[in-house]
Structures are given as C-alpha cells and as structure tokens.
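Note that chain A is present in both complexes that follow, paired respectively with chain B and with chain C.
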Partner chain A sequence: MAEARAALRGDRTLAYATLAPSVFLLLLLAGVPTITVFSTAMQDIGMGDMSGPYVGFENFAWALTSEAFYTALRNTFVWVFGSVALEMALGLGLALLLNKTFMFRGVARAIILAPYLVPTVVAVLVWRYMFHDIVGIINAGLLSIGIIDKPLLWLNSQSLAMLSVILVGVWKFFPFVVIALLGILQSIPQEQYEAAKIDGASSFQQFWRITLPYVMPVFLLTALLRTIWSFHKFEIIYLMTGGGPLDATTTLPILVYLKAFTDFEFGRGAAVAILTFAILVIFLGLYFALIKRAEDRQ
Partner chain B sequence: MARLEIRQVSKVFTDHTAVSDVSLAVNDGEFLVLLGPSGCGKSTLLRMIAGLELPTYGEILIGDRVATRLQPKDRNIAMVFQNYALYPHLTVYENIAFPLRVRGADSKLVEDKVKWAAGLVGLGHLLKRKPRQMSGGERQRTALARSLVRDPDVFLLDEPLSNLDAKLRHSAREELRQFQDRVGVTSVYVTHDQVEAMGLGDRIVVMQAGTVRQIGTPEEIYQYPADTFVATFMGSPPMNLVSQGDITLGFRPENFLPESNYAQGSDITRIAFRVHRVEYLGGDRLLYGHVCGNLPETPAIARIPSSVAYSPTLGSETAFAVATGDLRRFDATSGKALAVAGMKLERRLAHG
Partner chain C sequence: MTSATLTVASAPDRPRRNYELADVHHLASRMMLYLLAFTAVSVVGFPLFWMVLCSFKPGGELYATPPSFLPREWTLQNYRDLFVQTNFPTYFANSLIVAGGATLLSLVIGGLGAYSLSRFKFFGIAAFSNAALICYMLPEVLIVLPLYIYVVKLGLADTLFALIIANTAFTLPLALWFMRSYFNAIPVSLEESAMIDGCTRLQAMRRVTVPLALPGIISVGVFAFNHAWNEFLFALVFTSSERNKTLPLGLATWIGQDNIYSWGMLLAGAVLVTIPVVLFYLLVQRKLVVGLSEGGTKGE
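Moving on, here comes the complex of A and B:
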C-alpha cells in the first residue's frame, strides 16, 4: 500500500516535471498578455503617460456608451455572419459537387484549394487591383456586359466596402469548408445510398435524410470554427480598407487596433478587446450547445 | 411474392467479365442461395437483381414483369446488406419506417407496419434505440425488419450473417430460416460459406468465375457434384480426386473407409491408402495420406467416425475401399461429371 502510494507520488512528480515547461510557456505567452490586457483596460494609458492612473471600469463605460463601439459591433456581425453563411453555402455546394465522380476531379480538388494557400497579403493586393474603380477588372467586366453603366466604388463607398471585404474573405476561406465537408462526405458508406435507393428514396430524399444528417455535426463544427476565426479576423479587412471608408468596415478587432495604435488610447483599446472576447465566449457557448444536440441525435 | 427469372445475363466491366451468361429461375417462395468463392460474380448478380447494377446482356424478370432496366425502387424488392446499411442517426423505429416514410405513407399505417415487422424479428422492445447502441445480431434483425416492412416481392440478402461471430451466426441462421418459412417470400441469398448455403437453401447455385457450375438441392450438390470444381468446393475436407486414365475418380472422405469395415460381399471398389498422419477431431478422425497401389500416388483424406475402432499403421499400404455407389467419375479433360447409375438430377444440371 505504502509502496503503491510512493510509486504514485513518483509518477506524479514526473508528470509535473514534464508538464512544467509547457505550463511555463503558456503562462508567459498567454497568461501574462491576458493579465496585461485586463490591467491596461483598468488604466487610462496614453502616449504621454504609459504608467497611467487606475480608472476602474471607466474605459468599459466609455465603450458601452460610444457610438464607435456599437458601429463596430454591428459591422462585426455583418462581417461574421455574411462571410460564414456564404462560405458554408458555397463550401457545401462545392463539396457535394467534388464528391461526385467526374473527369479531372483530382485537378479540380487541387484548384479549389488554391485561395486557401495564397498568402493573405498577396491575395489582398491582387483583389484591391481587381476592385479598383478605374483600372479594376471587376468594373471593366461589369461595364462591358452592361450590368452597370458607370464604375462602382467597391472599396471606397460605404455601401459596398463591407460586401467587397466579405467577398474576398469568402473567396479566401471557403476551401477550408470544402475540405472539411468533403472528408465527411467521403466517409458516408455507399450502401446507405443503395439501401435508400431500394427503399424508394428520391435523390432529394437521399440528400435530406442521409447526406445532411451525416454531415451535420462536421458542418456545425466547421461553422463554429469559421465564426471564431472570422470574429477576430484582422488582416484581410485592415489591408483591404483599413476599416474605412469612414467606419464602414471597422469591426471590433479593427477598432481595438485603431484605438490603441492610431489614437494611442491603450486603455480603451484593451476594454474593447475584452468586450470582444466576452461576446465571443457567449457565441461559443451557444454553438457548443447546438453541436452537442446534433451529436446526440447522431 | 413472386417468381424471379434470370435469362442469359452477363455483366461486363471495362477490365473483366463479372457474370457470364447466367440463367436461372427462383420459384415463388423459394429460398435460393448463390454460393461461390469471392469474385465469382454472385454479389454482382444479386446487385443486378436489385437494380444497383445494370446487366450488359440478358433479361431479369420479377413476377411477370421485365425488370431489367427498372430503377431499384420500382422493382418492389428488398435487400439486406452485409453491413446492414442502417441509418446511424435514426432510431430503430425510424430505420424500419424509412421505406414507408419516403413513399409518404400516413403515420398510422407506418406505426402498424413497423410494429408488425419489429414483432416478427423480435425487436419490439428496442424501437427507441440507435443502431450504435445495439449488438450485431440486433442490427441484423433491424435490417431484416426494414426490408420486410413494405411486403417485397423478392428478398435479397448479401452475406447478412458474415459480420456476426461464429456462435451468433449459427442461431441467426436458424432464425433466418424459420423466419423465411413463416413469411414465405421468394429469397435470394449470397454467401461464400457452404455450411450456410447447405443449411439455408432450398436450392443452391454454385458459381465460379462468373458462371454457374451447378444448380440443385443441397443434397444433390453434395452427393452428385456436376464437376470437379463443385466436388472440391463443397465439403470440408473436400472430395478426394484421383485420376485414372482419361477419367477422374472422386470419393468423399467419409465414404473412404478400411475395407474391413464393409460387410462381406458388398459392392465395393478397393483403393490402397497409405496413412501419414491422423488428426483427432472429437467425433471424427481425419486420416491424411496417399492413394497408392495401382492408382497414381495422390494425396487423399479419409474421415473415420471415432466410434469405428480402427488404428491405422502409419506409413504402410492399407486396404481401403469405397462403396461403388458412392464413387463419382469425372471427365479428366473437361472435369464434368459422368452419369452415375441411379442419379436423378439431369433436369437440374445447368450448364451453358
């Protein structure tokens, strides 16, 4: 008994010893910044005075009463749900298509992945040229087939900037959805469809009663991941529009950046960052509940 | 319920011929087993009956209808798959109800039929379970119930017992047969297991390399194999084959006994046998050795019941014999069986 306990203690010591480096790194790289953000959010830190006086929840109060925060919140929701909805729809459609047997399927699958592999900066530069009002290929194309009669200001009008950014985001990230869904689609046993055919199910019924329930858990999980990633996506929007024109594409991460590094109001930036985090946590809770339900049904 | 007829059906894939000119008929209510080694075309034939594959040549008739080009759903057949193909996200109830639901049956009818089918296979108490919460045997019965629920004309089964463990397989086989007797639906059953085929089939179709080698009752197939392939495929250990000039002699191990075992004056054919090794199997002993004497030296096996007192002398030539009535003769070049006196199955032999 005593020996067993000693052995167990020995095992524990070893376990703690091997865990220590990881825990140390985690605390250093995630713990310290998190605490710093919280403490910064409680201070009035600016360019002139980096030591900043403690101001309690004043920065949060500012955020929750400022128009900038609510505009950014609204923009974030438009950005996140716009991109995720389009990505999921496009991703599912293409995954279903690529799951069929046809000539050059391997090539098609490889090409679909291309946007995901292009570095964001490269992609954004190219898209900015394409969206350019005078020399951009998009306006040129739309003009030549007569859909529009004068160039559209894709990135420089408040009404179109968000749409443009969403289109680029969808183009960049839908391949991720395709890969995830193609994986699960290919794991559906062929016999399921054969049994359904014999049982008299139409193509639509096969999709609705076999394919969809089968892919649903992965579909929701992918949507969840895409939601989180879109929520704190920064570089695409910043590089495309810098949050403009005016505040048309200023999402919460952009607002954090602008507050901290353009206005040098670090305290307010940190407060917005923490609020963003809180909103994301709520969404995660909802999504996980949804996924759990889908898996229980499986 | 219906009769099923296959007329000169072939299935040619780009790189090989899976089924070659097969003709057979399954009578109303009959249980027919397609038996053969893997790759013999039995599953392809079943899939053509189901409509999951289209024949390259030939015709398939279900009842009085030509079904060759019909969609699977229009054939009124049911199929049980090797892995059951249950829908994992649906309960047992909904799995069984599926064929009715997709046809838009009203829920009262669905409930009656599901309860009836589930009752037939003894699943009444498990209707709320999901497939993954059930044993292999229960899944198999769910698949049976699902295939039954809409009164199919023909019932197709693709090795439905092969995923069960050996013990369960035996009882499931028994249940399946009783069940078919009760429902009386025309059934085609695919297997590579000859014990299953012998135990289940009213008749057995032995297939090899896409062709039918023999069609007959289990007894006919075993007693009067149509050729040397069937002779060696059926039975474990297989029929002994010894060539004698331009014919091949065949005799089952259990008919190959010490000469002393036969009554004086009975009609026997003597065959000298040299035993190398004895395998004790409980009820029987298997004697491994070589046929010798005036026949060419050929490996052979004798099966002697343990109740027969006999201790072989290893390595020396012993007088063995086969009752002449149990001796089969095959053409040495074609491998086809030569007529046996008293054999009454010519009408059922199906070649070409």
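Moving on, here comes the complex of A and C:
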C-alpha cells in the first residue's frame, strides 16, 4: 500500500507529461498573444503582410486623444451599468419568485432560464425581427394600444439603439443571475424564518433582515462577474447594430474590431484593446480581492 | 335582550371571521404569486415562442402589418427553402465539426491536465492552475488581433482547424478547473487498490477514475460543445469563404439582407440552431442525476 502510494505521489514524469498539452496550448493561444499584442500596438500594421514599421506609443497617443475612443468608453459604461443594473434587479426578483413553491414551478424555471442557453445569434435574430420598424411585433403592439402613433426606429435611431441593445442583453443574460441567486437562496436555513415569524416579523422584515444579508456576498460577486463579462462582450452588440447608427452603440470591443477589420489599422485596434484590458484589470482585481475575502471569512 | 343575544352570537363568531380573513389574505397572496409567475414566464418566454410560431408562417404573413398572432396557415416552406436554397447544411456540418473537435480536444487535453492538477503537488502545478484561471478571464478582443496575425502567417486562415484550436483554448481553463474538482472528489485510495490488484497507473486512471468522474466529464463536454457551437468572434475574423462558415457566422451574414433571405428562413434557421443546445441540456440534466447516483454507490 505504502509502495503504491509513493509511486502515485512521486511520479514526476507523469505529472508533467499529462499537464504539458494544456500548458502548451494555453501558452500558445493566450500567453503569447497577450504579450505580442503590445508589439502589435506599437506597429503601424495594415492588411497584407501583417507587419509594419515600429511607431512607439503613437497608437496609444492616437487613442487617448481621439473622440472615437472616449465615445466608445462612454458607450461601454452606459452598456455595462445599464445592463448589469437591470440584470441584477430582474435576476433577484425572479430568483425570489422561483424560490417559492407553486404549481408548474419546474416549467416556469425552464422557460425563464432558456434565454441563457440560446445561442447569441438566435437571440439577436428573434429580437431584430421583433424590433423591426415595419413588420416587428413590438411596434405593432405599441401602435395598437396607442402608446405611439408612428413606428419607432428601435435599432436605427441614435436615441433608442443603445436602449434596445441593453434590453436584448438583459433578456439574454439575466438568467445567469437567477441561477446564481437561486442557489444561495435555497441554502438559507429555514429555521431563521420560523424564528422570525414567531417573533412577529413581517415578510418585508424577513426579506430585509434575513434574506438580503445572506444573499449579499453572492449578489455582489455575481454583479461584478456580470460587469466583467459585459465589459468585453462583443457579438451581441455587433450583431444587433454593428456599433451604429453612427457610433451610438460602439463600445470599446466594437471599436477594436472596427479599427482592425474595417479600417485595417491593426496597431490602433491593438492599442484600444490594451486600454480596454487595462480598465478591465481594475475590475478583475476587485473580483479576486472579493473572492479572497470571502474565502478568508470561511 | 338584543344586545345580550348579539354579544352571545358574535363572541364565538369572531375567531372564525379572523380565520376567514387570513384565508382571504393567503388566497390573495397565492393569486398574486401566480399572476407574477405567469407574467414573468410570458414576457421572458415570448421571443422564443414567437420565433417558433413565425418559422411556420408563409412569406406573406411574415410581412403582414399588423402581424397575425398564430399562423393562419402552417407551412414547412421556410425549413425546406433553408435546405434547398442556402448553404445551411454546410454551415451545420462545419459547426458540428468545429464544436465536436473542440469538445473532444478540451476533454482529452483538459482531462489529462486536470488529473495532474488534482493528483500532484510538484513545482509549478499550483501556479499553472491559477494562470489558467486568469486565461479564462482574458477578453477575446485582446487576443483576437495577434491570433489573427499568426493564423494568417501560418496559412491557417479560413480553415476549420484554426477554429477548433481557438475554441479549445477558450474552453480549456474551465475544463481544467471543473475536472480537477471532480477528480479531487475521487479518493486516491481507489486508484491505489487498483494498482495493487495489478493495474498500471494509466489503467487505473482509465478504469477507475474516469468512469467515476464521468458525470462531471459529460457536463464539461456539454459546456465546451455549447461554447464552440455559439462562438462568433473567431469565426467572423478567421473565416472568409462561404464553404467554411459556421452556423452563427452564416446566419449573421444573412441578417439585414432580407431581400435575399426572408425572415421566415432566418427564423427557421434560428430554431434549428437552438435544437442541439436544448437536446444537450436535457441529456446532461438526466445523465447528471443518473451518473451521480451510480457514482455514489460504486464509490462505496
């Protein structure tokens, strides 16, 4: 037995051999690009042979002085905080609802979680059909009950495009919040509620004094995770509006793509990507600090 | 006299009336609950419901204003057009190849790596598991530009192979972390006993550890498949020819060209893209429960 155990624990060759493919792949596809993106950002690269003269920090200087970058930054914050706030509110509300017992709860849960499973391109297709100014059901519905008197250009007007994209994003991603919060809600010890009821606490007081404090750490972590993911979300906005009309929904990831693959300015695209990542690192730092604190407390 | 009867009559009444009030209150809150649940389900579920309904509508009805709710005439024309008039079958096959390939690779590579992470404590192993988690947090837009440059320089642009590898890299960190925790849950003593009974280490891994970790491995596989099936950015950037498009890219290029591709075809395509995802979800839900209970009894 001891011999087998020693053989199991001490097999250094096996340890490194089984880990090698993972290390190789991650180094090649995540490690190296993370470093070489800096060299890309310092070059004036166009299409063609994919290399160009070194220009130092010129691309960063361009980004930090261009209106396009600050517009994209502002749009990113509107997109991130708009969608995360709505996702968290809706997610908490529906998690509380699904935590109650009622008939057909399983069916209700499956339907409410469905948008999260559906591929993004599918979500976009359906919503673009529903938002369509002429044949869309949203305009038809609003016209028929008299809220509007002529069709709204949901995706093609400067003022409504961002709101429309946020609505679709919320629909697609709030189930993640529901899943996360439902897990923690179901782990709250029921005795706490029974004790509170005996003491005559109203259901609002029970929510405020028991449920909310219990849920709060997971709620904050989920909000932060959603912030990080929304921050570099690309495809849902790109597919809904392509960043338009004009630059109304151009967030930072969209700007990276447009610079590189529409204007063929790889260097500038890479510089914007690095600046985006730098902002994200702040959120990531916060995320890991929160996790660490939660682990220490346990 | 009257007042006396009244007090006598009302005294035993009072608790019952309170009881009724509580009943009414309870009933009202139950009705409120059902009303809320019904509203939530209809609002959240409507887009997908609408997608399925409209995919069965003939062309004329799809462009009618105001739209009809239920199709007046149910038709499979949109689905037929999709297969006859478009490259949908090619996209579907490409997506299956990419998602299948990426799933297989991340299970094999991630499985081996996770085994190492779970069983050994040599230099660098713990550091690598943290590094993998950081890789998972890297935004795709940060590395898509340098990756694109490599892919072009290596002559791998516009190949399914490049997509398989890129998708594998993106699911690998999570595959490593999840499978490590599944392997952690399986006692090393089981492998030791197998080796005492004459298995080699790899046999012990294959015959003992992997079967016990199967539910976890399956759920990681479903996750990887889903990720690659839905992946859009790399497909958009790497792919240039019609022949190598995956489903999300193929459908995306149709949006906005409603003179060529009708909404009916698009919605029918959307339904067909969603079906494998739903099937996998149902499969894994069942398998997970069965696998867990089997694993439990076998483990003891």
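Operating definition for what follows: the second predicted complex is superposed on the first by the 262 of 298 C-alpha atoms of A that agree within 3 Å, B and C clash if a C-alpha of one lies under 4 Å from a C-alpha of the other, contacts with A are read in each partner's own complex, and residues count from 1 in each chain.
The working rule: a contact is a pair of C-beta atoms (placed from the backbone, for glycine too) under 8 Å apart; a residue touches a chain by one contact, two chains touch by 3 or more.
These numbers were taken from a predicted model, which means no experiment stands behind them.
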item: Fit or clash - chain C, chain B, common chain A; value: fit
item: Touching partner for A:Val122 - first (chain B), second (chain C), both, neither; value: second
item: Which of chain B and chain C A:Leu286 touches, first, second, both or neither; value: neither
item: Touched partner set for A:Pro213, first chain B, second chain C, both or neither; value: first
item: Which superposed partner A:Thr34 touches (first chain B, second chain C, both, neither); value: second
item: First (chain B), second (chain C), both or neither touched by A:Ala89; value: neither
item: Touched partner set for A:Met130, first chain B, second chain C, both or neither; value: second
item: First, second, both or neither for A:Lys197, with chain B first and chain C second; value: first
item: Angle at the Cα centre of chain A, taken between the Cα centres of chain B and chain C once the superposition is applied, in steps of 10 degrees; value: 70
item: Residue contacts on chain A - larger count, chain B or chain C; value: C
item: First (chain B), second (chain C), both or neither touched by A:Pro189; value: first
item: Shortest span in Å between Cα atoms of chain B and of chain C, once chain A is used as the common reference; value: 7
item: Partner chain A, residues of chain C touching it in the complex; value: 30, 33-34, 36-37, 40-41, 44-45, 47-48, 50-51, 54, 62-67, 109-110, 112-113, 115-117, 119-122, 125, 128, 131-132, 135, 137-150, 152-153, 165-166, 168-169, 172-173, 176, 188, 191-192, 195-196, 201, 226, 229-230, 232-233, 237, 247-248, 251-252, 255, 263, 266-267, 269-270, 273-274, 277-278, 281
item: Residues of chain B touching chain A in the complex; value: 50-52, 71-73, 75, 77-79, 81-83, 85, 87-90, 98-99, 102-103, 130, 146
item: Interfacial residue positions of chain A with respect to chain C in the complex; value: 1, 4-5, 7-9, 11-12, 14-16, 18-19, 21-23, 25-26, 28-34, 36-37, 40, 45, 50, 94, 97, 100, 102-105, 107-108, 111-112, 114-115, 117-130, 132, 134-135, 137, 140, 143-144, 171, 228, 231-232, 234-235, 238-239, 252-253, 256-257, 260-261, 266, 269-270, 273-274, 276-277, 280, 284
item: Contacting residues of chain A [partner chain B, same complex]; value: 189, 191-192, 194-202, 205, 209-210, 213-214, 297-298
